[in-house]
């Protein structure tokens, strides 16, 4: 059955959403909702991701010491609720995020904001001026990029204060409700079922073209394809290669693809004596049939990519030196004293394409005598094990927390403390990869204010991780949406929160 | 008591055969007799084919059994030739049958009254009220003291003797001309047995029905019926008036009479029946 | 063997001939037992459908036993590059290939081992537990009955698949845990059956007779009650095998049963599900295999019930 | 005459129904004692209470000088007292051969010479070893009852409880079984407690009898008294009349 | 004598009174122990499950310190027995807590998802019973005939087919190829705004409100999954009907009914079936309960937002509050259906009614 003209229906696996509070939400699907329903001081420029564009802030200045950022708020803006947007709301947003201290809060607290100083350091000096003071002379691109994250989405102070319970800044209420100013209002969310956005007529920018956008939770690619072909939905978001191939022939359906900041990798726990050997790490990188995987399992939904920064990000290195080379791998293994191979396990969450890749890797490993047994599990389960460093090999994906190279560098190339009780537990910690040198280099890159130089530093970091790291990065995700032809203007953005719906219309 | 002209029932060379895994079993092997408006007893040991004879007359043999007879006629109507529906119409209306055990032969989920009314309504066009009235009077006729109450009882709520009376009422309510009673009292207590028999006796006498009384108890049959047929292995070995029981010729009949322990006779050991193979031929 | 004065006089049919087996006056324990088995077999064999079921199960056993010989390809290692998702009838791949380029036929053939493993293990674990719990509870009665039946009730009140899911989630996915979970959820009905049956025997005269011999309750349960429950239990277990296969497949389908690259049929359907629209055979073949095998078990169980328990079949 | 079984004031209550209500009886050693009464009068219950299959709430039970209570009986008791049940179809285990049925008591009581005992027992009940490996469904009713008797006798008891042993059988077969029982009693000097609803059978088999009604013993009279109609209870008379067949009028 | 009589009478009365009380007590004990057992089992499954429940709350990507803090907030650092006490206490006070997955109170969630399951299972059972009973009767009456064999094979296939597989194939056929039915979910998005369900039973509400286009749409959604479940229960019901009917048809009262001259139709449909109905209600109730709790796979295939899907999702995310709530509800429904079928059994079978 056809969907109504004024309603856009998207089928998407939205089961990862656990909250819709921008101060708390840190999930991929939630990110897209935030991106459409909330507004930030600054937004990522979807045409050039190394830049930011004004959002609620009309303009901003950075002090010479790079410690103070002053934002001028656009006048006469309104929240969807009708309340005016002022600098006080922005300050409240910062205070709230820091004090709630939920998962994404570190994006702000890494600038030295704490519960005690946040009201001082993130402050509205008047109705239209917001001043943020950071603790170090970070690269401004880094700070501004971080401000495009959902956690810095401006929330409606007056509305939230009506819903405060136990000093929770309205968090309990906002988990399922809405207090924003974006092009869409979040109207209803039924977990694992449906999420409804409606046009926000108070939005200051260009108004959304459709009245309503409905995300319908559907996990299965084949189901999405069926529904898309039947016209029950307008957009299918989780199509797999086979289905993409199939709909390619369908004239009523077009596709749009955009590389995303997510890389799929498997990582080798350095607590495992075999995997700790540098030769083994290298050998395993030669035991992946990148080409075959690229041509089949991830065809259309990803591109072979072996470095930790996704393509399109500042400093990203596009270099894929490894290919399947069993002879070379055998040689390396022999050098490591493991000529006969060894037994090792891999924790795999049972979703595609991870499972398929794991199975493929299982086959290619076997060619060099490495006997890989797959321990599958549900996402939460494998992750629990991974976080506790109890795995041998873990296969999974990593998506950038915010659109800045530091996000990935910080996790792939820095490990400030490799002890079991460390405070920070980046991916390198999870794999017990002790890298004091790289950690320092990562910190240095953060303070480099010259963008070109900063990029070069990240390139260098990527090379090192590529050669010596315990991460076998396989591909970068390409997000694909299959759209019915009558839908116009649907375009996937470069990041998860820039899949914007407001330009979309239906004929 | 015998009538002139055509007898009520004519059975000639009745055979009932069951196909089984190990070949055919002849349950009834050429039974012939006629019945007028009288009391005919059929005795014989277990498995001798008494019940199958009765059921074959009623047309109640299981469908896989083969029934053959030179003649099987009710009055002058050929039972085997008539269509099924006609035969069914006959059942309950003209010929009726009382089964051995009221515990199993009454529908456990219907009240006794409804079961009696059902018979009536199947065969006669009567109003509900009239049917009920007739059922009640029938219950009274079988000497149930409180018919109104029993009418609404379920079979499990009445004693065996009462159940058997209800069964009789159910079968006689349409006033059949022939009644087959297949061991109607063997599930009952000795004392109750006699009550039920005297009811049957009275009804037969009053209504002038023909009665076939099937039992394994030779003494009971001979004291109750006018005539007795003795069956052995699917055949009639002897037919004689009850009064002449003492003159029975067949050794089987004699044996049956002898082997019962009775009060006052002191026979130790009891004479036993020595079955001869030729009896079964 | 015992001396046999009267039997010797009669002409005994040739041992193991049909007459010998069917003789209603067997002269030895063996003959009696074989005769009994033969009668059961004859009753069973009369039922064509049951024979079909038996044939399916024998075929399954053979396939499982000779998987190495029968399967043309490696069930685990495929040819991702060249042989992915080939349709049935492709050269060298009779039933086509899956998304890893593995031969579906070979996977089905090896999968039969898993299927057998599951049903056999579940039966071995669950049936004896159910039998013991049921007979003890039914025979002893009183407190033992109350306690055992409460426990049984609790397990019965759980949604079966959900409990299995929870157990597998708790123990970690894998075929061993799936077997364990299915076993844990399968025994209560057996206990119920065994108990119900025991209750019908408990007050029967032949049990009373054994009691009057002075037999201890343990002896009565073990030697007199249990043998009586066994045949209906066998029937029930055989009929349940289909259910067990389906549950295992369901767990596999939900990703909680046997794990890749094991060629478990349910998991194969799950992975084939993604291609159901264009490469239907990937999911259809294993589903068909499950259907055939569980149909086989059902037919067999049905036939067994008719043969072992003519009363229940309405004869 | 010492009493083999002595019962005083026995009460058996099922749920809330008194199946036996203060029953007292004495059965002498070597005596054959009959119990008659209509269905449900508690005849079987009495035997079951003696044998320990039913538990009695009140009263005393003495068997061969030893008193028993409740439900528990020791092995020695079962060597002394055995029982034959009414239903020949229900009292034999459906899945066991005759051999196995007879073996069981011998195993339980640790007898030796098992083979010989089984053959002898079968011969004694007139079946011979041709029946030894049959299942109960391969036997006729009379043959089954013989097996049941053989099983009871194989433990060489002193007292045999008989619960309507012939009521499920044809009259002609009944005679055979009754004769067999009498023979066994004579050979082994057994004490019989025999239940039946048939006065003819009781008067044939027993020396004394008790008439039961609604869980109570109405009266206890010698068997000869029936013939001479020397009894007091009206109920006994009704039973007697009923046993003589139908009388019109 | 008189004295002992009265004692016997009082004793009898006492027994009778106590047996009624015992019956109630037994029932209460049964229910309580069952619920308690469910609590214990779910609790321990929840604790040994190798998923960190905190992850479900804070999400996959939460930094370590947030995880730690949440763990303490949840009381997961307490000794196990203390956690258990808290858990039982809350559960007993009817507080199943909040589902971390949906952030709603579990009770609210169940109120929303359970009607979906009930609707599906009810229609499924209706289909199963309406088709299964006549088929079973037919098979029993025509025992051994071709019809019997056909019914038997239909039933056996129903027992043997993996429902999720059949579901997939039928989706491909009826939805993808033929477009006869709708998918997924319960209702088209179009109607999300024009239709509000007050009871949670969409078909009922749509009919009640006279919104026949909605009714049609809901029907198109429900019919395929319901038919699948219906087939499943048809297999079971027809088979049991056959066996019960065979049993009844071999009874003496059937002979008696024939002796009365009743027509075969009346004997089969009235006498025999009426008696077979007594055990049949239990079978149907059990199959209904089975569909209520066993539709996990069907709900997964058809994205049916019911309880089975809810529990499965929660389980996979270690959302133990939701699992517990869902399981308890199903357990309670199971017990409830059992009691109900028992009552029905009693009303249908006069033998169990005492006067």
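Order as written gives the chain letters A, B, C, D and E; numbering starts at 1 within each chain.
In this text, a residue touches a chain if its C-beta (ideal position, glycine included) is under 8 Å from a C-beta of that chain, and two chains touch if they have at least 3 such contacts.
Bear in mind that the values here come from a model prediction, so they are computed numbers and not experimental data.
With steps allowed only between chains in touch, the distance from chain A over to chain B comes to 2.
Put simply, the chain closest to the centre of the protein, by Cα centroids, is E.
Averaging Cα atoms per chain gives one point for each, and the point farthest from that of chain D is the centre of A. Between the interfaces A-E and A-C, more contacting C-beta pairs are found at A-E. Among the remaining chains, the Cα-based centre furthest from that of chain B is the centre of A. If each chain is reduced to the centroid of its CA atoms, chain A and chain C end up 49 Å from each other. If you average the CA atoms of chain C and of chain D, the two centres end up 45 Å from each other.
Between the Cα centres of chain B and chain E there is a gap of 50 Å. Chain B and chain D have centres, each the mean of its CA atoms, that are 33 Å apart.
Looking at chain E, residues 50-51, 171, 176, 316, 318 sit in touch with two or more other chains.
In chain A, the residues that touch at least two other chains are 220, 226, 377-378, 381. Per the touch definition, chain A reaches chain C in the complex via residues 220-222, 225-226, 240, 242-243, 245-246, 289, 291-293, 295-297, 348, 350, 352, 355-356, 358-360, 362-363, 366, 374-378, 381. Across the interface of their complex, chain B is touched by residues 251-253, 255-263, 266, 271, 274-275, 278, 348-351, 355 of chain E.
Only residues 49, 150-151, 153-154, 156-163, 165-167, 169-172, 239, 242-243, 246, 249-250, 253-254, 266, 269, 273, 276-277, 280, 283-284, 287, 290-291, 294-295, 297-299, 302, 312-314 of chain C touch chain E when the two sit together in their complex. Chain D contributes residues 48, 51-53, 73, 75, 77-79, 81-83, 85-87, 90-95, 97, 99, 104-105, 108-109, 115, 118-119, 128-135, 138, 148, 151, 155 to its touches with chain C in the complex. Remark: chain E residues 29-30, 33-34, 37-38, 41-42, 45, 48-51, 140, 143, 149, 152-153, 156-157, 159-166, 168-169, 171-172, 176, 243, 246-247, 249-250, 293-294, 296-297, 300, 308, 311-312, 315-316, 318, 323, 326-327, 330-331, 334-335 touch chain C in the complex.
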